[in-house]
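Pasting the structures here.
Below are two complexes that have chain A in common, paired first with chain B and then with chain C.
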Partner chain A sequence: MQRRHFLQAGSALALVPALARAELTVEISGLGNERIPIAIAMFGGENVLPKPVSDVVRSDLERSGMFRLVDAGPQPLADISRPDWSAWRTKGADVLLAGSVKRLADGSAEATFRLYDVVKQVEQKSAVLSFRVELGRNAGHWIADRVYEQLLGVPGIFSTQIAYVQKSGRHYMLQIAEYDGTNPISAFTDDEPIISPAWSPDGKRLAYVSFALKKPVIYLQTIATGNRQVVANFKGSNSAPAWSPDGKRLAIVLTKDGLSQIYLVNLDGSGLRRLMQSSGIDTEPCFSSDGKWLYFTSDRSGGPQIYRVALDGGDAQRVSYEGSYNVSPRLSPDGKTLAYISRNGGKFQLTVQDLSSQQTLILTDTNRDESPTFAPNGRLILYATEVGGRGVLSAVSVDGKIRYKPLQGNGDIREPAWGPLVS
Partner chain B sequence: MKIALPMSILLAATLAACSTAPTQEPAPVAQPKPAATVPDAKVTPAPAPAKPAAAAPAPAPKDPFAELKDPKSLLSQRNVFFDYNSYEVKLDFFPVIEAHSKFLKKNTSGKILIQGSADERGSSEYNLALGQKRAEAVKGTLKVLGVKDEQMEAVSLGKEKPKNPGHDEAAWAENRRADILYKGEY
Partner chain C sequence: MIAAQMNPAAMTREAPGKWGSLVLTACIHGALVLLLFYGVQWQTRPPEPVQVDLVRSLPPPVAVETPVPVPPPKPIPVPKEVEPPPLKKPDIALPKPPEKPVIKEKPPVEPPKPVEKPLPKPQEKPPEPAKPQISARELEAQRQHDLLLMESDKARRQIQAQTNAVNKADRDSATARVNGRSEAEWIDAITQKVRGNLSAAAPQGNPEAVFAIELFPTGEVGAIRLQRTSGNKALDEAMERAIRSSSPLPLPSRPDVFQRNLRFVFKPRGD
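So, the complex of A and B:
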């Protein structure tokens, strides 16, 4: 029995910029024998859409680094419910995706897909999705998410979005784009710096730090309406907002009582509470997904290191021990891996630490990495770095096996934040 | 079965892309320049009186804040530079900070914003905290010299507004800094 789905979208879709900027592209995929050979046939009737659905699914799955595309030829299947098993097996496909698209009477479109295990000769998954024609690209992401999850057991991130800051000349733009950097739009622009964007767990709001008042002040912006409000503008600096997993409060860094210290605050600015007292800098808070721990950067032992503290009390525990400079902790969604930036002989590099074995792994060979942010399925880390003196974004899988070419924009791009899964 | 799937809601945000960017150039100090006090040389061929009489009218009230811009005054010096990884005010800058302390004690309506900065290496937020440390160091020194807390705010620009946009040691040294700005200048 096929499940039917309806793809919704905001009403402002006509405002999607026609020009797609450079996209994140795979530089090094996972090892050949670890990638799933998949054939993605043309979807019958998909030429009614501005962008063929099967193209989107192919590029999404290839970009994940987890699939090897098997040429499926220029024709859709004659009958998507009856694949020629031996023919697909001969082409080397373990998996086959076939589908069709049709226009409905109301002008919208409907896509049907069927995912087959060619080796076992069985259908693995199928679904019907209806959507407005101009959402063809999103429909492709939606199907790719289902295929990815069916075959790999973790959610796909193709429908997610990223935020980042782009600096062009004197202008700073808080940008929101598709997960691969496509179709960026500006949520906020200013002539003063913007840093530390952070998505609310429901993906509807962004907290960030703006210097428009000649000092760092924390704002909260509702993405759909553009409404923005001040969360924290205390005497001194206000920065580093981090959302609690329930989306009800923020951990923030204030200097109103001296050096940078971590506080908890409700979204409307009420209920301010200092979490700890330390004699040095405490900053860059990050909640664990279960809401029990707060990871942060502190120089209480001299140079900056990563610590964690239980939110219900107790002393802070040091987490990073290697090297003299470790900053910007970000916890994987499953809480098992910590990503941060470590300084190694003058190079600032993206590093991951397995929190059970404490094993660390430097994931890059660049010099100026910053701002790691996990994909919400925990498989990839997006980060800022510098190539040729320009700020760019890049991504790498948590095991370091899949690498991406940098994503460039006009000017410098930095401060990435990966949005939540779209349910 | 139909399942509602919210997607790409944020596209509406374009509507909202608001710019709140007033012109933010450091405004000149609002006070008018004091009236010229030098007498017109052409009409004063006669020797000036040897000494002003005790009963001479007091000079026109001078704007005390004008001194802040006088290049001959230590008060026009606003930058305090720091060594790498250091947050101690170096002795070289003590006379400048002392001059500002005297000025602020004399002019208790004067308010300053101390903006700390850091060089570009490392994370934005950690550098923000380092810049704050530098601003606090200047503020602490002024406080020890008797300036009231209410007259000062220490904030950080981190590495976001480098004075020198270069990427070498000379640029970094110039960006490890705290700046003193008087109200009206920020």
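So, the complex of A and C:
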């Protein structure tokens, strides 16, 4: 039939004078929708879990701002291996996630999911994972990560953790929570301030600064055991620890020789080495993920600006030029974007700078932004700010298009640090 | 309708010298009508979108050609010729009075939609009242139809030849201009549809991907081939989904603009 039509159409075309032309090019620039329409069906049997897996996946993907949820109805698919393509297409879904959960003999659970491209009518990905029933939420995050990566080409961050400092009354608590602030646990509590938590690249340890000894001292704590040790307790202040990408040493800031200067030190406190001989203040170090550069804040030219220096030597180069006040540099995982806090007309705002074009973009309209930290997939920046006089954590996409509801807690929340990807 | 047209021709046969030019006029107009007629037949039989557009596009070539055939008196009368049947109906009716009611039924059907369903209805209904007579008439109508079809084909070829000879350069440039516009409109329509169906996260950097697609005359998308990746497999797949879910793609207003192979360049970041 198809063939016959074509022949007819072909003969019709022959009636009119045909002009030889080159292949037509259709250029499509921009996107129709920046959110992918996805249907996430109930997982069959997920009621055995305290929290349905599909709920977790749905809220993760929706929260990411990259997906539009298509109503999948209250029933799981009768057969997750055979979706009704046209029905899902009619509902407007480009992709469909279906799955099932079953209880295993040992009391644990097993979840199976299948991700379908409804348009091409093919399965894109599927996997089975087993988990302890009480960790059903983590299973949901794990699945959401797989879906996110499959559909966006960058890893999902739903299984990652964040650390931050919460001040409630007189207590300071170093908290570790899920990426969205859910289920926080205290890693360390004290009546003296805690600042500058920094995750080791493997996500197993935190370096931070505690005033427990009535002065800033750098500690290293293993999260699983709670064991902590002093890394740097030199004369004066010890602050701003930053991990080298290989996780073998820290860049720290000491005042033992006068003004704040940047040093490198091994995790056990040995091998201390001053990086530069600067006459001004150098602080807030941050490694590039290839380990070749160290970005930092310095007032060597007058006001605070961001510089970088090669770790194998050479002079520091100024990186930020716009405005008279730029501090707290953080480099994106791909090393292409620099986030920092800039002062604009009395407001301290989160700003990003494209390191190849040098273009800057102010991402927020708040007044007191601090402590930017990149999500490990480089798509989001978490930062501390103030809302109604209280410290909260807020997040924004690197292009500024997606803003997230601030995370609030009892008292003030500050000093966020986004943990690494977990495999 | 066809029978009616053919009747005057039969009459003029008696005085060929005088009415020669009239015959030519009638033939050419008949040819035009049949061009429409035949074209619509495509539409009625296989209900494919392509045919719709082909039909719509057939008039334009005719319109381009009409300036040359000016010799034939009135290109516009086409509708007039469709109307006459009621008047000439007596010609048919005279030899066969009993048929009148049947014929009465037909004319009203024919004039309003001469092109729509001329063949099916007459063929289906008549058999009941007076089968033998009508089938003969139908046969003759069919024969005339075929003749006119051939005639129209010849006329069209003549017209085309004239057109080509008289002013090829002019026509070419005009066609090219019209084509250029139709082509731009077509590409624009495709762009709108595909972009509307492209759901993907705004990528980082400024990736670009190129796809080669095969297009059926119905607008259905056949093979899709990734020629240059954006560097992000997920984004490539989103683009392919956009193409696939845009099928069938819009068709050009002029069928000669249609191309079977298109190249899609995606720049999701814009320019």
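FYI, the second predicted complex is superposed on the first by the 391 of 423 C-alpha atoms of A that agree within 3 Å, B and C clash if a C-alpha of one lies under 4 Å from a C-alpha of the other, contacts with A are read in each partner's own complex, and residues count from 1 in each chain.
As a working rule, contacts are C-beta pairs under 8 Å (C-beta built on N, C-alpha and C of every residue); 3 or more make two chains touch, one makes a residue touch a chain.
All of these numbers come straight from a predicted model, not from anything done at the bench.
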Touching A:159 in the superposition: chain B (first), chain C (second), both, neither? first
Kindly classify A:255 by the partners it touches after superposition: chain B alone (first), chain C alone (second), both, or neither? first
Determine, under the contact definition given at the top, whether A:226 touches first (chain B), second (chain C), both, or neither. first
Taking the superposition as given, does A:212 touch the first partner, chain B, the second, chain C, both, or neither? first
Residues of chain A touched by chain B versus by chain C: which partner has the larger set? B
So, does A:364 touch the first partner chain B, the second partner chain C, both, or neither? neither
Contact residues of chain A, present in both the chain B and the chain C interface: 4-6, 8-10, 12-13, 15-16
Parts of chain A lying in touch with chain C, wherever the complex brings them together: 1-2, 4-6, 8-10, 12-13, 15-19, 21, 23-37, 66, 68, 89, 94, 117, 119-120, 124, 149-153, 334, 336, 378-379, 398-399, 401
Chain B-touching residues of chain A, taken from the complex the two chains share: 3-13, 15-16, 135, 138, 142, 159, 161, 176, 185-193, 195-196, 203-204, 211-212, 214-216, 221, 223-228, 235-237, 239-240, 253, 255, 258-260, 281, 283-284, 297, 299, 304, 325, 327-328, 341, 343, 348, 368, 370-371, 389, 414-415, 422-423
What part of chain B is in contact with chain A in the complex they form? 1-21, 24, 113, 115, 121-126, 128-130, 132-133, 136, 153-158, 160-161, 167, 181, 186
For chain C, which residues count as touching chain A in their complex? 42, 46, 48, 50-51, 54, 57-58, 61, 156, 171-172, 175-176, 179, 183, 187, 190-191, 194-202, 204-205, 216-218, 232-235, 237-238, 240-242, 244-245, 254-256, 258-259, 261-271
